[in-house]
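Just passing along the structure, written as structure tokens.
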Amino acid sequence: MSERGRTLEIHTSPHLASGASVDDIMRNVVLALLPVAAFAIYSFGLAAALVLAVAVLSCVATEHLLCRLVAAPTTLRDWSVTITGLLYGLTLPPALPLWMVAGGGIIGVAMGKFLFGGLGYNAFNPALVGRAFLQAAFPVAMTSWSPAFAADRFSQLPASTLTLPFAAPVYDGASGATPLSLFKFDGQLTATPDLLLGLTNGSAGETCAVLIMAGGLYLAARRMLNWRIPVAVLASVALLGWGLHQLAPAEYPPPGFMLCSGGLMLGAVYMATDMVASPITNAGCVVYGALIGLLVTVIRLWGGMPEGVMYAILLANAVSPHIDGLVRPRVFGTRRA
Amino acid sequence: MNNDSLWTIFLNASLVNNFVLAYFLGICPFLGVSGKLGTATRMGGAVCFVMLVSSVCAYGIHRLLVAIDAPYLQLISYIVVIASTVQLVEMFIKKISPALFRALGIFLPLITTNCAILALALFQTNKGYDLLQSVVFALGAGSGFTLALILMAGIREKLELATVPDVVQGTALTLMIAGILSLAFMGFAGVGA
Amino acid sequence: MPGSEQPVIRASSTDDFIKGLWRENPVFVQVLGMCPVLAVTNSGINALAMGLATTFVLVLSNALVSMLRHFIPRQVRIATFILIIATFVTVVDYLIQAISLDLHRALGAFISLIVVNCLILGRAEAFASKHSVGRSILDGLGMGLGFTLALLCLGGVREILGSGSLFGVALFPAGFQPWIVMILPSGGFFTLGLWLLLFNHLKRRRLAQGLVREVAS
Amino acid sequence: MPADRSQSPPASWPLYRALVGVGVVCGLLIVSVFVLTGPVIARNEAAALQQAVFRVLPGAVAKASLALGEDGHFRPAAADDAAHQMVHAGYDANGELVGVAIEAQGMGYQDVIRLLYGYAPQAQAIVGMQVLASKETPGLGDKIEKDPAFNANFRALAVPLSADGLAPRQPIEAVKSGTKTRPSQIDGITGATISSKAVAAILRQSSTRWVPVVYRLQAELAQQGGPDAGQ
Amino acid sequence: MFSALRQRRSFAHGIHPPQAKDDTRDLPIKQFPFAPVMIVPLQQHIGKPAVAVVREGQEVERGELIAEPDGFMSVAMHAPASGLIQRLALAPAINGRMAPAIYLKPFPGSSQEVSDGAPCDLASASAEEILLAIQRAGIVGLGGAAFPTHVKLKVPVDKHIDTLIINGVECEPYLTTDHRVMLEQQPDIFTGIRYLLKVTGAGRAIIGVEANKLDVAAALRAALPADLPVAVEVLAVKYPQGAEKMLIRALLGREVPSGGLPSDVAVVTVNVATTAEIGRLLPHGRGIQERVITIGGPAIRKKGNYRIPIGTPLRFALEYAGMEPNLSRVFLGGPMMGQALPSLDIPITKGTSGFIAFTERQTAAPVEYPCIHCAYCVDACPLFLNPSQLGLLARVGEVERMADEYNLLDCFECGSCSYVCPAHIPLVQRFRAAKGLVRKRRAAP
């Protein structure tokens, strides 16, 4: 019946696997981001669509070419670089010149990911590395916001979008201040419902807090992001914001505004939760999230810039190896008497 | 005379204008001893300590040089004093706490050629800080240096387990990471104001 | 003794000079003196001034150290070297101030910080204290110019991208968008990192070619 | 330097000889260079200062550096007067007081901003401003140095005094670009709000301290610009 | 996340692999036929191999002693069938090497009556005597570990045992032997518990079962003798609850110290099948000559629970149970901790709790990705280790750091981390190799 000499596969235990896999997780993150991206295109029109497309393409192409360069098999199939590209695109001002979008994407993937050894080893969130580079390189372009829901957004591109490579963009017509810059420089508060629904100006994907939270809930329910990170980030921002607002209501905005304005939602849900660059233990994630919240509050309220989410996350990324080193799980059977 | 508040001085020296990441001071030890967290922490501690001591010394020397009207001796006396301070500190620690000496010993001579120390002395003179301000400035600069060193050490330890492409291994990679850290530290701009 | 050294000098004098420029370039190969390399290279002119100032100090301190090498006991050599270097740095500091206040302001404290540039102390210790005055001067000149070259490599790239000009001369038409990050601290780190990457790459390729040749022969 | 060598201790004479010898050589070198370059540097510095003073006080062709003495009166500045006690009075070709140039500094976006501004007591206005040192973001914050529109703010920035002459009536403040309504407001720079606000804050602080003094003592200042003008 | 909200007790972390017990849980234990030739390895337990006391060509009776224990860390062997000792020779073992074994050819047509030995009377025997009887009966941990039971029961003089835990958890997927034993051999189990209580001096016993065996719990409770201080506890279904440390934590809330034994927290745990064997064999002075195993998995046609003679060659067993033609892997034990077999020529031993066969389709090896620090493994590890970091360290060969900083040696290879790993990193395999290296290096000087 059974032929002799038949070779059996040898594999050590366990011989079962849960079936989850890295590309599953990554694909689901992309999925959860799609509504956010759709809203970005809906509110900012063609320009946002182009920015997102160029962002994703530049990241994907960079990853592919770098893999070719070191003669490694391409890693596009794990979808991680697609997330990077999408997230990166969502953090950009919608009217950013496309050549800058591509430049930041290349830098983000090459310096933020490839340099560190690729997927699984990046110490910083690659999308934010790209964005931080752009912010430092082109501060004016990165803080020139086009207004949301412009009437001609689907028929007309802003002049800045198609600026020639290496040329400075020229901005035409109305520019829209973000809720945070309105608050910081003019003392104007935007209503929280507007912030929740995304009826404001800002980076392509940061405006609609509701959609971002929905995507986050989906991923958290599927255990594809650690819910403790966004919860800790938001809780610490809310707590600090609330305390300061109580102390000096005129000077500091209410916690609702702090939570829903700027890139905090997008950052807390999708950027801070980058599994690779965040701590591994649950307790560590809480510390990490609280640190981000603290830094965001400090930079927003006392720093020079209206927004600090990107910097806060990058800084916390740098701290996360230490959080891992300090907040270790107590190994079973080593309870101190 | 300078009327910056102590808090401003501290934040500015440690975060906003971090000695390593914004002024490129102390890059040699930054590149050299940021490979392991343990050594990085000890080096940071040693630098903080020496900075404090030499800041006080430099303040005294500056007063002396002003008194005898010999500004041209500033650099030469600072460097000599720093070098001998390090020596004295080394001997002192050796006598007081051999354990601490074993931990810090090998770093102390390195600190002599750490430009951050000399720069600290020169900056505090240029800015016209008084004694208390100088001490706070030294504390800020030292903790900023230590912070940068520790952050870098954490990342580099993590990278030891990574598959970093061969060609970027070593100083090139460390510099790139320092660049990203420097980008991240830009977030602190204006915090001390 | 000088007589016997004469032919040696001739044979290697070019080498003393050349090696610092490329093969033992203090920045790209030996990775020394990083602080000024990064700090003052946000423009070509600053880089050049810093490089020349360092060369000046390097040549003179090498010369003096070499001159005094039989006079200085081992025990106090480092102290005297530092003294000598600090002297020349003070000298160059005043000279630059006399030449241009603006330049002095641009270079800031980094002129004074030449004192702690490990390159200079390193050459005094490793070369000048063991070789004749002539060779020491050549060595200092070579190393200094190599250092200057490296600074220019960085300063050039950073100024071209960061300000759209080189030595203050605009290179691009008016619409150019400067990459401001390049003249910021992080740009310094990135540029130097990329240069080192390039050198790593060249070194590895040379090694690989050498291996191929060895195998072939 | 290492004190404890286990080998036979070297004779100390060569050590002293070397250290003292080198010290003497070095000292000679430094002092001679200092003596040679000192006057040149002083001349350069004076020229630079004068140039800056003339730039912030249009029409001035001579200047006098004055210090506010303990007695509440101006006297010619001495070498050891601290910068924050000094003003530089500028005079036109006829020897008339144009105004005073005052140095001020404060925290900017990145680091301390140092600037020099000219105040004309007759016009009760700031008539010029120049940034002496700043580390503001290139291309953005550093527009406070170069931006022509921003600099135009300081050709006539009113600092009217209150009735008692003890404090400015309207404090200097920066407003969003294009929204200037009062002559004591500064039109900010788009995208560099912090830096423009910092400049305004520095001017506000300094003017609050100096303007009443200068206004009160303008007669005294006018006299100081006598024959020694242009020192 | 929600398991903590449930009523039933358990331990922290752990995983929920598919149970896959439905196919065999309700099938009563059937007697397995005798193979034409049986292979009885002399080492079926952890410790020193037994010493054969038979000659080639000798006739033995079923249950007769054929090998004596060699020292304390060793147990006896008994003839699985009445027959002829063909030869004493090497036979393939599960680790791929050859090991000494006794080849026994059963007499066809023999009645196969089991011969009795000297009984061990519960009432009169001392603890020492019971221990000796257990060793003479060749009893080892039947849960799969095959650790000599008498060694485990030998309580160190400075320790006191208050609780005896009978491990009826059987958390490995597919396996249902303990399930059937608990349903069909309750008197044996209770007898066994009496012996064990006497040996250990424990005041009470707890039988732990998982909530997927509610029928067992009910039956055991119903049959519980009134004079026996035994409780039946139902635990939440979770893997690896059958591991001693986890079971003790789940039942009593006590943590066995790192590197320690259950006796450090005043507990002894014994597998329920082992307990049943003690109760079945000791009163008759018999030795183990057969055991209950589950034969299951998608590649098996006649799945079931069988009482199988020790020494039955696997090939014979598979052929009897019927296998699919595209069978690609066979695991001895369950799929989580069991071993994959290099060949089918090895015999069933005392430690074999079952074998599971899979076809190619179900075992295609997935692609390995780099670790993305998803922390699934950290949340799964029942010992609160950091498998992610351990895996990264293992990749670069930092085994000493793994042991010193990350408690590598605590890992008992339950496989939870590998099971959940979305990057499909063979974590357990790497840890096993690293542990080997560490032990070797530490033993060297």
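Letters A, B, C, D and E name the chains as they come in the text, with residue numbers starting at 1 for each one.
Please note the rule applied: a contact is a pair of C-beta atoms (placed from the backbone, for glycine too) under 8 Å apart; a residue touches a chain by one contact, two chains touch by 3 or more.
None of these values were measured; they are calculated from a predicted model.
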| item | value |
| --- | --- |
| Contacts common to chain A and chain E (chain labels) | B |
| Top-ranked pair of chains - ranking by C-beta pairs in contact | A-E |
| Nearest-to-centre chain - CA centroid comparison | A |
| Computed distance of Cα centres, chain D from chain A, in Å | 45 |
| Interchain centroid distance [CA atoms averaged], chain D/chain E, Å | 86 |
| Averaged-CA centre spacing for the pair chain E and chain B, given as whole angstrom | 61 |
| Chain C and chain E, separation of their C-alpha mean positions in angstrom | 71 |
| Chain B residues counted as touching two or more neighbouring chains | 72, 76, 83, 161, 163, 168, 173, 176, 179-180, 183, 186, 189-190, 193 |
| Contacts with 2+ other chains: residues of chain E | 370 |
| Per-residue overlap in chain D, given as positions that touch at least 2 other chains | 1, 26, 30, 33-34, 109, 137, 139-140, 194 |
| Touching chain combinations (by label order) | A-B, A-C, A-D, A-E, B-C, B-D, B-E, C-D |
| Chain A-facing residues of chain E, complex | 15, 17-18, 173, 245, 249, 255-260, 315, 318-319, 323, 327-331, 335-344, 358, 363, 365-366, 369-376, 378-379, 382-386, 388-389, 407, 410, 413, 415-416, 418-424, 426, 428-429, 432 |
| Chain B - residues contacting chain E, complex | 160-161, 163 |
| Residues of chain A defined as touching chain C within the complex | 111, 133, 136-139, 141, 163-164, 166-169 |
| List of chain A residues in touch with chain B within their complex | 70, 111-112, 114-118, 120-121, 123-124, 129, 132-133, 135-136, 295, 298-299, 302-305, 308, 310-312, 314-315, 317-322, 325 |
| Residues of chain B defined as touching chain D within the complex | 1, 4, 8, 12, 16-17, 72-73, 76, 83, 87, 91, 127, 189-190, 192-193 |
